[in-house]
Amino acid sequence: MTRLAVTDFAAEARAVLDTSVWDWLDGGAEREWTVAGNRAALDRVALVPRVLADVSGCDTKTTLVDSGASLPVAIAPVAYHRLFHPEGELATARAAAAAGVPFTVGTLSSVGLEELAETGAVLWFQLYWLRDRGRLLDLVRRAEEAGVEALVVTVDVPFMGRRLRDAANGMTLPPTVHAALLDEGSSGRAHRSARDSSAIASHTAEIFSPAVTWHDIAWLRGQTRLPLLLKGVLDPEDAVRAAAEGARGVVVSNHGGRQLDQAVPAAMALPAVAEAVAGLPDSRFQVLVDSGIRSGSDILSALALGASGVLLGRPVIWGLAAGGESGCARVLSLLETELRNALGLAGCPDLRSATRLRVARMPYFPGKTP
Amino acid sequence: MTRLAVTDFAAEARAVLDTSVWDWLDGGAEREWTVAGNRAALDRVALVPRVLADVSGCDTKTTLVDSGASLPVAIAPVAYHRLFHPEGELATARAAAAAGVPFTVGTLSSVGLEELAETGAVLWFQLYWLRDRGRLLDLVRRAEEAGVEALVVTVDVPFMGRRLRDAANGMTLPPTVHAALLDEGSSGRAHRSARDSSAIASHTAEIFSPAVTWHDIAWLRGQTRLPLLLKGVLDPEDAVRAAAEGARGVVVSNHGGRQLDQAVPAAMALPAVAEAVAGLPDSRFQVLVDSGIRSGSDILSALALGASGVLLGRPVIWGLAAGGESGCARVLSLLETELRNALGLAGCPDLRSATRLRVARMPYFPGKTP
Amino acid sequence: MTRLAVTDFAAEARAVLDTSVWDWLDGGAEREWTVAGNRAALDRVALVPRVLADVSGCDTKTTLVDSGASLPVAIAPVAYHRLFHPEGELATARAAAAAGVPFTVGTLSSVGLEELAETGAVLWFQLYWLRDRGRLLDLVRRAEEAGVEALVVTVDVPFMGRRLRDAANGMTLPPTVHAALLDEGSSGRAHRSARDSSAIASHTAEIFSPAVTWHDIAWLRGQTRLPLLLKGVLDPEDAVRAAAEGARGVVVSNHGGRQLDQAVPAAMALPAVAEAVAGLPDSRFQVLVDSGIRSGSDILSALALGASGVLLGRPVIWGLAAGGESGCARVLSLLETELRNALGLAGCPDLRSATRLRVARMPYFPGKTP
Amino acid sequence: MTRLAVTDFAAEARAVLDTSVWDWLDGGAEREWTVAGNRAALDRVALVPRVLADVSGCDTKTTLVDSGASLPVAIAPVAYHRLFHPEGELATARAAAAAGVPFTVGTLSSVGLEELAETGAVLWFQLYWLRDRGRLLDLVRRAEEAGVEALVVTVDVPFMGRRLRDAANGMTLPPTVHAALLDEGSSGRAHRSARDSSAIASHTAEIFSPAVTWHDIAWLRGQTRLPLLLKGVLDPEDAVRAAAEGARGVVVSNHGGRQLDQAVPAAMALPAVAEAVAGLPDSRFQVLVDSGIRSGSDILSALALGASGVLLGRPVIWGLAAGGESGCARVLSLLETELRNALGLAGCPDLRSATRLRVARMPYFPGKTP
């Protein structure tokens, strides 16, 4: 089995995972229009390379929020890594540490924060807004103590999207996997199967609040010195508001097509968001992007469209499922190879020059579907 | 059989219906370009969600023309429901009553107006312009007496479109079904089969007038206090004229692709119509839309493109055929679920905020065809 | 076999014709990009209908150049009708006479002009520019004497396009068919087969001039009082020049995709040409169009895009092959039915209102391929 | 087997070549998005022909850089022709000489420069920037002495693109083929196979410099009186800079999709480059283009989009593989036939009028895929 493209790992993951787990990973909301749209929007991007720059030592180092990163890449929060591999988040965090990219621990991590801190990875912590504000603050404190460098507040999940594959499969957590940070064990809602519905969705509906507003962000801002990144912003006005409320950045994301089906593809939303925040007083404000990134060319496209970096969701999990820590490491190193290759061939000795590349758009995808 | 998407009911309906009835329901004019185009236009819409609004209690209640509605939805007029289920319009009207949405009784209803009034549904009455003006006025009076709340005047049927499937099938009404409001029994033109032509088309050619003009609308306006909705308007100037003639709204519609083939898809025509009437003095003037609406995301798209609500044609009939009143109720409740989900995930606590969503357009449909 | 759409006749024609004759009819130049493009451009057109006009008596009568026509339609010049049916042009001309539309006799007619005049059809005569100017003038005189009402000068054939199917088939005229107006009998170049080339192409290369210019048009203008129509114009400047040289109109055409492959689809070129000539002093100057017209909706689209009428090429021949005069008559009457239907459903009581319809464009063809 | 279109030769080549050689020829970088995009961009071009020009003697002669050419065509540099035919570059150069078009000898030629000079072909020499500047200058001198008329400096290969087919095949040079101008014999890196990687890529990484800049171009300019053509320019600013540094032209090229995957298709980049250099003081500065040219219509499209001529890569090699010198000659003569045909049918008596053709763009490719 060749491993020459990141998508090669998807085939391996699919082969080893239970259908219901694969579907949970691969699937999206309703018709999966936005899942497909994320790719369609990236697949239309045509990059205009420059020539005759010295690219013998392409520099990919950068700072994401306040964290150093060897690549303009961070690992996106993905719930329950132990569904994909017994070592779960431990394996992925170790691979991230080795690759030198920030690892985002999810509220629904299946491994404890403290254990993950020991991997040496730069950690970010993703926050789902718990209905119980006490528990929410506890999580923040625990993250602070574990040495987390940024809080990623997911703002596109007032409740979970309608993932029809999970409903059809009656997706449920197995007894061996649970939300390690929520002190709930394996008898909670996420473990109780029901016909035509996802137990994971029911569980989150029970514990997450659909009533979070900008006031809550302001309140959280007052509770912690950690920089805040709002994940799931697609409208430029929301990005500007995020800055006004003291966030240090946004992740342009539609949650990998798992929330609102028919939501705008991330690469289509990105330029307007980047432009809207370009003139803001706080020049440290960053626009990251995720949803559909699958290659070094995609990362380069994201930079050219205005992002400071990308988050990786499914590709990292493909590596995890395909080969644990080393599978994940292979994915990350392949992406580094691809990115260095793309930067060099686009005539970019560094990331800043990547943001200056001209971008054109094809009316449709002319290439081979992965 | 899963019933997780509205289109799942189409498969069930197809399985239980005679081919010629299914074809009559499913088909459109000539090449069915407009049938496909209706979907293509909706499938290009990319919605830009907002975040951090309190969506814990999404409010979907609204007023359509003068009728209260629990959703921005009304049941479109569809001729002869008894072709699809023995209870016919009684079943669909009951489901509409339960769901709290207006039910449009057609001129070609296969159940009497008075019986339908007893279901407790909010009723609208759809008027085809009969050649015999006396009979036309009789129908209006009967509708008024039955407590109908609006008259829906269909303006895109000077005669019926060329539906080739019906012609090929020699589509004819069975003896058990007839136009209950036209006092014709089962021996009329609609029951007489002929090779390579549709008896339903011949019947309507016989009794409907192709000579209706704006003057007739003005005349009708003088005959009744019921609010008028003109159904089948696609050009902005016609919408403005409708308002000038005292109509209370238009339905942007190409009759589900059953009249002029190559007519503009409804979602493509909608924005210009909505814009044209935005500045009119009568702020109560409404733009509704139908033709191709199949999901909560589609309803949200319609609102974002400028509609106050949608009419549902085929989806309601799929439910009726698949399971009578309860099948129809399932379709309506699924749409409510989807709409609430979409509103929440788009950050819209109410319908008004939905009309402010940004809309982008993909060059083609990236998702899975239903 | 149903005959509900014009394209249904194509299947019948294909079934009765020799492959090499079918290929000659159906094929186009090189990759047949323009053949497909002609449909693609028409298939993108979305028409915006009007409502509430009295369409009880849609008037389709018009004048094309100086000829009365019951429809905005003329029969395009097509060489050698006897390849498709023993009666050849006699059959098609009779059908045209019955339908009340002008019939264009080609320079490569396989039936004599005088015989065709006896059918009672309004005749136009299509001129290929013979290298021998004497023979050319003879043809013009013969046309004048036969009562022809217009000269259609084909300007897109300095030589024949590279029709690869014909080359592969070694396309040759059978002994029973020859160019009746060229007094050549059956021993000429068009009857001599050669490997990997079309004898029809060799023949035309021998007798047609590739050196015709605007000066020749001016000269011809001085030789005859017949109105001139230049067929094969796609650039607006050429249309303006045509008017300046005294032509009475142009046919926007790429010869059905048979000349320059990659030539702009006719429906794409039409609006700019129509606009360019709109302000010309001679208001009688007409823009006709052909290449890809297959239905009443297509004719309506052509009018809405600025044409005064259309020419029909292959569809007429499908009818001829499928059933001689009566097959051809069926095609024409189906098109009349479709056009009347389309006009009525678009709210157009006459052709003038059709030219005022709004036109939108889909990014791609959503409908069923014929 | 028909040879009516240039792409017919691809099938023949594929049939005779080893898979790994075919893949090396046919393939491109990563997903081959740009390979497909090159065609997609050309396939959208719709040309607007002119009429009534005397095209009896279409003149295709031109000057490319300082070389006379019978067509606006030159043979692109392609490494190691002996992989495709035992006579290698000798065969192709002879065919080029016969056709009267410049032949570009590659740095990675598998036949010596001096032998090629004896074919009588107009020679250009393509320069890859060797890490060893001494060897680089030696190559330039050798080229000058062989009578080369232009230096083509390839600027899009700081290192080779990631060609996944070659990596999967472990592509290696056979002992019979080597880089004749690099005095390396058959024991170098290009001959040593390795798993999951291309020996050709490893070899070039070893000897080519990724650190070339505009300063090096200026230096080279000072070392030779040969005119310089920079091959691989896509951004208009780079073209303007090329002129400022004294180059005599650029080749708009993405290396046939073999370098940066997701690089803009050449035909999409061409107009902006042509426009940017249109106003430059040195009116001799030329814009050539390659990547995807497969027919006379494509050459005409390139001219209409602003190029002075095209380079041909793969098509020439298809001919070489299919039939050595005569196969190659067939490809070139077919292209000449097609170009003369296209010019004539577009109403262009010469190349200058081709550059004035109007160009439209279809949203997608309507034709048959070759």
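A, B, C and D are the chain letters, set down in written order, and residue numbers restart from 1 in every chain.
Just so we're on the same page, a contact is a pair of C-beta atoms (placed from the backbone, for glycine too) under 8 Å apart; a residue touches a chain by one contact, two chains touch by 3 or more.
These numbers come from a predicted model, not from an experiment.
**Q** Check every other chain and keep only those touching both chain A and chain B; list them.
**A** none
**Q** Taking CA centroids for every chain, report which one is farthest away from chain B.
**A** Result for the farthest chain: D.
**Q** Counting residue numbers used by both copies over all numbers at the interface, does the chain A-chain D contact come out same (over half shared) or different (under half)?
**A** Different residues, largely: of all residue numbers at this interface, under half are found in both copies.
**Q** Superimpose the Cα atoms of chain C on the matching ones in chain D and note the rotation angle, 0 to 180, in steps of 5 degrees.
**A** 90
**Q** So what's the Cα centroid distance for chain B and chain C, whole Å?
**A** Here the centre of chain C sits 41 Å away from the centre of chain B.
**Q** Quick one: chain B and chain D, Cα centre-to-centre, how many Å?
**A** Once rounded, the distance between the two centres reads 59 Å.
**Q** Which residues of chain A are in contact with two or more other chains?
**A** 363-364
**Q** So that we know how the chains sit together, what is the shape of their touch graph: line, ring, star, complete or other?
**A** Ring.
**Q** Any two chains that touch count here, so list every such pair.
**A** A-B, A-D, B-C, C-D
**Q** Which chain C residues qualify as touching chain D in the complex?
**A** 30-37, 39-41, 44, 155-156, 158-159, 161-162, 164, 167-168, 196, 209-214, 216-217, 230, 232-235, 237-238, 254, 259-265, 268-269, 363-364
**Q** Could you list, by residue number, the parts of chain D that touch chain C in their complex?
**A** Against chain C, chain D makes touches at 2, 4-5, 43, 45-56, 295, 297, 300-301, 337-338, 341-342, 344-347, 358, 360, 362-368, 370.
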